[in-house]
Each structure stands twice: as structure tokens, then as C-alpha cells.
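Multiple structures are listed underneath, in C-alpha cells.
In what comes next, chain A is part of two complexes: it sits with chain B in the first one and with chain C in the second one.
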Partner chain A sequence: MAEDLVLDTAIRDWVLIPLSVVMVLIGILRYFVSKLMRSSQVPDPKIVKEGQVIVRARNLRAAANFIPPKSFRSRRVYFSNEENGLLFVPKGQAQNAQAQMFSDPNMAMDMMKKNLSMIIPQTLTFAWVNFFFSGFVAAKIPFPLTQRFRSMLQNGIDLSTVDVSYVSSRSWYFLNLFGLRGLFSLILGEENATDDTQRMMQMSGFGFDPSKQCATCYCAATIFCASDFCAAWVPDSYRNFSQCFSQDHQSLGAEKDGLDIVQHEWALPKFEHRAEAVLRKLTM
Partner chain B sequence: MTGHSDSSSSEKKSNEEMNDVPVFSAENMQNNMKVIYYSRTFMSIIGGVIAGILGFTGFMGFVFYFLVMTITSIGLIAKAKFSVHLYVDSWNRIILDGFMGGLMSFVLFWTFAYDIVHIF
Partner chain C sequence: MVSKTEETQLNRLENQVDNGGGGAWEYLCLVRKLKVRRSEKVLKHGLSILNDPKKRSALGPEEWTLYEQVAIAAMDCQCLDVAKDCIKVLMKKFPESKRVGRLNGMLLEAKGSWAEAEKAYSSLLEDSPLDQVIHKRRISMAKAQGNISEAIELLNKYLEIFMADHEAWRELAELHVSLQMYKQAAFCYEELILSQPTVPLYHLAYADVLYTLGGLENLQTAQKYYASTIDLTGGKNTRALFGICLCTSAIAQVSKGRNKEDKESPELQSLAATALEKDYKQRAADKLDLLTRALRSLKN
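Here is the complex of A and B:
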């Protein structure tokens, strides 16, 4: 029953292209606005110190095999001994730091600002699309979908015999929302909606590439955005935020455990054999 | 896309010393992963436009997407002169990483091109 509808060229000129152009421009605008609005926050010295200690411990763990066993052991004791080891945190303190972090007003304010700068353009654009571009078929998606998607994709169209491939402009908006992320990452140079995760990393002093976390956090954020525009989303993001932070403070204990586990195996003796093999090959 | 033409020429060696214990320069490896990501995104956008213009529908379109991703992987491996271990830490990174990430961009540009050329 798939009849081919003939759609007016005016729909292409006045719906598809303007909607895409508007979304691209709003994305660019949001990127620059968030860049301008970013308040330069004085990082807390204690947090930065802890972050740097963790980075040092991580470097030690990664390069453990390049230093002699004795110096490795002395470094390890420096980090993880019971009385004044840098990584040793008694249980009570760890919990306190986490609670303090969560109720810090400055940080909550910034998080709020970042969330709002993401929700508000999307909400406004969605409302605009619904108001102006509803009630007609906007596009045809090239692949067939089952009947269950009909209510989701064809909200303004009340004919039940139209093929599910013919979708309304609301679904074109969602398609743009997800599909333009790749384009934004190309033209804006970096993932722009994950600035909050990058700033959290900065504040906790990690010299760490958040690109993997960028992808997952951003996916989670957009899924939340798309499925539920109301305030139910904001408490979820607070929970994620506090979880990320509590992980940072528990990571001191995790680093200590990781360091304790490392088996030292000195790699340098093998280098002499390798040098000998190379020299032999060269002189043959 | 200046980002793409610059990045393809700046893949850096991340594994300089050929040891028994491989040593990685984390910064270079991050750069390489970024290059791979940009290449895949760019190719999926171009692939979407091509699929739309050629009029692929349904399953054929997704097959074309996998084809484009495979071509991207082969291109990246060829650019790394087939010694992949110098640039990334495992084969999986250069072949499978970001495979599904470009899918939404592909579908968007596929729908766009298909509609503009065939429906309107």
C-alpha cells in the first residue's frame, strides 16, 4: 500500500532547509555564548593538589618498569604508607569531601548555567517547530519503519493509511538534533556540549583526556533532552554530576590500591640483549 | 573542510621505541584518535549525501554505510602505512572505533539528499 505522494517544492524550500540552517546557527550561537559566559573560576588549591598527586601516582604506575626495583619501592612507600602517605585517606574524610563538593554553591550555579544554556535553545526551537510546522508531511525517510513508529513520527498527520516513511517536521527536527552533532564537531573543533565534563576534569586537576567520557556523557545528555524536556531531567543531571565527583575522591583510594597491586619487573636488562642483537645485525 | 585536510597529514607516531614493553605517548595517541573520529564523521556525511543522490532506500542504504565505513578504515590503515601498531595501541581502535558514531549523521544527510533529489 505504498503510494508515492507528490510533495510540494515549497515544503523543501520553506521547511527542510530553513530548519536545518536554523539549527546549525543556533548550535554555533550556543557555542560562542557558552564560551563568553564561562566564568573563570579560581580553582581550589586542595583539589588541584589532589589531582596532581593522582597524576603522579598514575605516572609511577605506568612507568614502573623503567626504574630499578628499589627506587620503585621507595616511591611506592612514599605514596601509600599508613602515616603520611599522600594517597592514604581515612574513611571519614573521603565522605566529607564528597558532601562538601555537592553543596558548593558556585559549582552548582555553574552547572545550572550550563544545563540551561543547553535546554533553553532546544526547548524554544522545539516549540517553534511545533507552532509553525505542524500538520503536514515534511519529508520522506528512505528506509521503512514499522507501524509502531507512526505515532512518534507523524504526530500532525491524522491519516492512518499514509506510509510511515512520510514523516512530520517534528521528526525532521529530532533527526537534525542527533545528526548535526557530527557536523558541529567538525566545524567547531571540539565537542561543545561537553564543556561541563571538561571543566570538571580541569578542576580536579586531571591531565586526562575526557574524550571517551565526552561521548558517553553527551549521549546520555542528548537522550535525556530528547525524551523529556521538563524539569525531571535536571535532578538526573545533578545525580550524574555528584557521581562523577564522588568518583574523583574515591579515586585516591583506587590509585592507592592500583599502586599496591603493581608487580615490578625491571625491563632494562632486556635492553642490553636487544642492543646486542641490533649491533650484531648492523655489523654483519 | 580545513579540519579534515590538516588532520590527515598530522598523524603522529605514538609508539616510538620498539621495545618488548610498548611505550605510548598519550598525547599523540589522543591526536590520532581525534583524527580517526574526524575522518569517520566526514566520510559518513559525504556517504550520506551520495546515498541520497543515488536513491538508495531501506537496507541498501545501511549496507552502503558499512561500505563507506570499511573504505574509511582501509584508507586510515593505508595512511598509517600498514604498521598500525606505531600509531594506535590495537587494531580495534582503527577499525571499529566510531563505527556507530557516524550513523546518525549519515541518516540525516541521506534523508536530506534523498528528499531534495527524489521527492521534491
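Here is the complex of A and C:
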């Protein structure tokens, strides 16, 4: 039944705006707290060296046709020969990366701190929203929705005849949660710790889109995050680790394979002809 | 490397500041961003800002970066007391800072007390063994003392870890050339070409080194690289044009007794000679005579 409910402007003044303001303030607070708590990481020399090796090998692959064949071949051997090639990783070590992540106590502490700094404010805010702002219609979504969304969006409202477009304040909370990311990157600059959505995506593995996340969050946000936190140890946050680890052993192997495949075709003789053409045009 | 637009902007700002118009702070920021070495101007304008307490407080937190910049410029111009004052101010503000420790080391270097500077740098390196700037300062210290072989050794060790640093490869190549170790220099230039294949400077330098090494194969390769330089610069690089002429005549000399192999681009030399003559006619017409005589002697 599509009847138009008139929503009191007091709802806007006392629910929607305060909720957004509170979330922005909490986000800023978290940003500064995380900045204070961040321990400076001493980069591991082996990791740095590996990163640089990868860059050098990549350059070699990209510009291989610009150097004489002999030099290319000698460099390729230097990188990928069996005994002491830079890119050569014996099979046993290749799986080390993950195990190393857990055994390094600093890294573990860092991860836990970052995760906690995200979970606790989220949990508290969600509980606060539930306690104070439940049981009434907060807003109307401008487009029509099917009945399936009723359980998700109208959690506090116990009337089954109200149009699904009328949602509770919980959905406003989640809208803000995902939507304020852009605002934060504007105010706080890039690399801010409030990038929850990204971290949540990474925590559950790549390619997990936020909309599905949204639905599960609705059911039991805290429980979800808690279980996610445990599950997150294994396929973990690539972005966090990419700051510590420039590459793991698997990409060394990938570079080596790429290098082995490259066929060297010296481009310089072509340049001679092109130079001729250029000069001819110049002296005409 | 500085692009053309940035260079023109820098020159414009420099003129503006020199002639009394404002904009000293923008000029200093641009110099810092482009990492250009204009120490006298930086010193003059930087000091004018720092000595004026109103302008200094207008900078806010950037004041300390300016102190650092002026300190380095002062050391470059051998105004060591100015540098010492700046560093003292910085030390008061940031007592335990590695950056200030580095400045102290540089001051010791500028004074010439190599051993103390070395000690300062080693202690800084113990705390942070992966600080690239301190490694580079040690290398430049060795180079300044004239100890090129030690500089090469240190630079090699640095490159073992940071092998993607193309500036370091360039420095190593020049060090090798200064010691006439051309094969190693050729290797370094190859690294540079690999990391930045479209920069004609490296092709040219590589071709020079190959030409100096001599031998038929190297000469042919050198000719190819001179040709690529010409292609990359649109024929405007005089050195590459000369290089082509010299290479062709050198190849002709070396392969005098052997079978004449088919030259891949027989016209290249004549074209290069023509281009050279045209260029000289435009820019240095009085030297055209010398050029034609030199080219003729090459052809024989």
C-alpha cells in the first residue's frame, strides 16, 4: 500500500543531522588516535632489497630490447640462474610469507591495533544508534524497493504495511558508515585510518562487494566483525602488509618466470634507419 | 631531471626575485622541489626571509625546512658560521632528530674534518641502516677526499641493496669513466638505459664509452646508439652527429683489410655530415671551414 507518510522535520533535526555529525567527529577522533598509536616501522633490509630487485628485474623485462643481446643474456643469467640468481627462490621458501606474518610479533600487534581501532567505535556507535534511535521511521528512500529489503531496512519498525521505502535510522547509520569515506579523504587527506570499507573488503578477501557486506552487517554487526576478525588472520589485509612487505616470495618467482619468457629482439638496428629518415628530413 | 616548463618557471621566478619583486618563498619552494643547486641565490633570499622576524613567523611550521635549506646552501657557499647558526636553531627545536644529525655531519664534512664526519655518519647508520641519504653522503665524502676507488666500493655496496636507484648508477658510471674502467662504465650505462630507455643522454654516454673501448663490434654498437640518440633528439644533438662520422671512419679503418661487410645504413654518414654542416652554417658560420676540413680528413 503506497500511502505517503509525512515525516516530521524534527526527525531531520534531531536524528539525521546529529547522527552524521557524531560519525564525522568519531572518524576524526579515530584518525588522530591512530596517528598517535602508530609505531614507526623499521623496514627490514631484506625486504627492501627484494623490492628493489623486483623493480630492477621489471625494468630489464620492459626495456630488454634496448640493450645489446649479450648484455641482456648475461643479466638474465644473473637474475635467474639456479645457484645464486637474485630471483631464484627454492621451492621450500615460497610459502613462507604467510607464516612469517603471524610469527612476527610486531606485525601482529600492529594488525590487532588497527582492527580494534575500527571495531570498537563501530560497535559502540551501532549500539548507541540502536538504543536511542530505534522504533520509528527516520527517512524515506527516494526510489521504490521490493519487499525483500524489509527485514534489512526496517528493523525497528514493526508494522508490516508500511512501504519499504520508509527506513529506520539504522540504515542511515550504515549509509553514513560507507558514505563518509569520501568526506574523510577530503578532510583528512589520503591514507586515513577511517577507510573501513576498504579494510573490511580486504578482510573478507578480494572482490567482496560492500552491498553484500551491508546485508550481513545488518543481521549482527558486532558478531560479524568479531568472527571476521578471527577469520581475517589468514587471507589478510594486503594493503597493510604491502607497507611492511614490499613483495613476498611469490612475486619473485613471478618475475623470474616473466624474465625467462622474454625474447630478446634488439631494437637498435631499427633506430639506425629511423635516424637516417630523421636526418634526411632535416637536411632537405 | 628538470622538465622544460619547470626550468622556465624557475628562471622566471629567479628573475622576479632578483629584481626586487616578491615571491622569494615560492622560488625557494620550487628550488627545493626540483632539487636544483642554486646555493648563492638560496642563501641570499633565504637569509632575507629568516632575518626578518615577521616573515619568519608567517611561514609557520615550514620555517624549519627553510632553516635546513639555508644551512645546506650556506655550506655550499662556505659560509660556515651561517650554517652553524641555522643548525644550532634546529638542534634546539629538534634535539633528537636524525635529520639534524645528518646536517651536523655535513657541517663537519664542509669543515674538512673527515674522520669526525665519518664517525657521525656511522653512528647515524647504526640507528637506521637503511637511510639512503647517509650512505650517499659517505660515498661523496670518499669522492671529495679523492679516494675514488673507495667511493666506487662503497657505491657498489649501496647498489647491492638499492639497485633500483638510477641516480646512483649514473654516479657509478661517471666514477668508472674517471678511472678509465670503461667496461664497468658500459655496464652502468646499460642499467640506466634499462631503467629509462627514452632518455637520449644515456644512449649518448653509452655510445661514447663503446667508441672509446674500440674494437669492431663495439664500434658498430656505438654507431647504432649514436643513431638512436639522433632519433630521440630529432637530429639536434651535435655530439651524436659527430659520433656517427667518427664511428663510420673508425669502422672503415678497422675493417680495412677484411671483407667489406654490407653496411646497414651507408648513407648515414653523409647525411650526418650534411646535417652538421647545416647546423654550423646556422650557428657558427666562421667555424664552417674547420668542420669541412675535419670531415674531409675523416672520409679519407
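FYI, the second predicted complex is superposed on the first by the 205 of 284 C-alpha atoms of A that agree within 3 Å, B and C clash if a C-alpha of one lies under 4 Å from a C-alpha of the other, contacts with A are read in each partner's own complex, and residues count from 1 in each chain.
Definition applied: contacts are C-beta pairs under 8 Å (C-beta built on N, C-alpha and C of every residue); 3 or more make two chains touch, one makes a residue touch a chain.
Everything numeric in this text was worked out from a predicted model, so none of it was measured.
Using the contact criterion defined above for the overlaid structures, shared-chain residue A:32 touches neither chain B nor chain C, since it reaches no partner. By the touch criterion defined above, A:128 reaches neither chain B nor chain C. Contact with chain B, but none with chain C, is seen for A:178 once the two complexes are overlaid on the shared chain.
Contacts of A:139 after superposition on the shared chain: chain B is touched, whereas chain C is not. Using the contact criterion defined above for the overlaid structures, shared-chain residue A:14 touches neither chain B nor chain C, since it reaches no partner.
By the touch criterion stated above, A:189 is placed in contact with chain B alone, chain C being left untouched. Applying the stated contact rule after C-alpha superposition, one finds that A:48 touches chain C and leaves chain B untouched. Judged by the document's definition of touching, chain A residues 271, 274 lie at the interface with chain B and also at the interface with chain C. On the chain B side of its complex with chain A, the touching residues are 1, 3-4, 19-21, 26, 30, 33-34, 37-38, 41-42, 44-45, 51-52, 56-59, 61-62, 101-102, 104-112, 114-116, 119-120. On chain C, the positions that touch chain A within their shared complex are 128-130, 160-165, 187, 190-191, 193-195, 197, 221, 223-228, 230-231, 234-235, 244, 264-265, 267-268, 271-272, 274-275, 278. Touching chain B in their complex are the following residues of chain A: 7-9, 11-12, 16, 20, 65, 139-144, 175-176, 178-183, 185-187, 189, 209, 211, 215, 267, 270-271, 274. Residues 42-43, 45, 48-49, 51-53, 55-56, 59-60, 62-64, 66-68, 71, 268-269, 271-276, 278-283 of chain A touch chain C in their complex.
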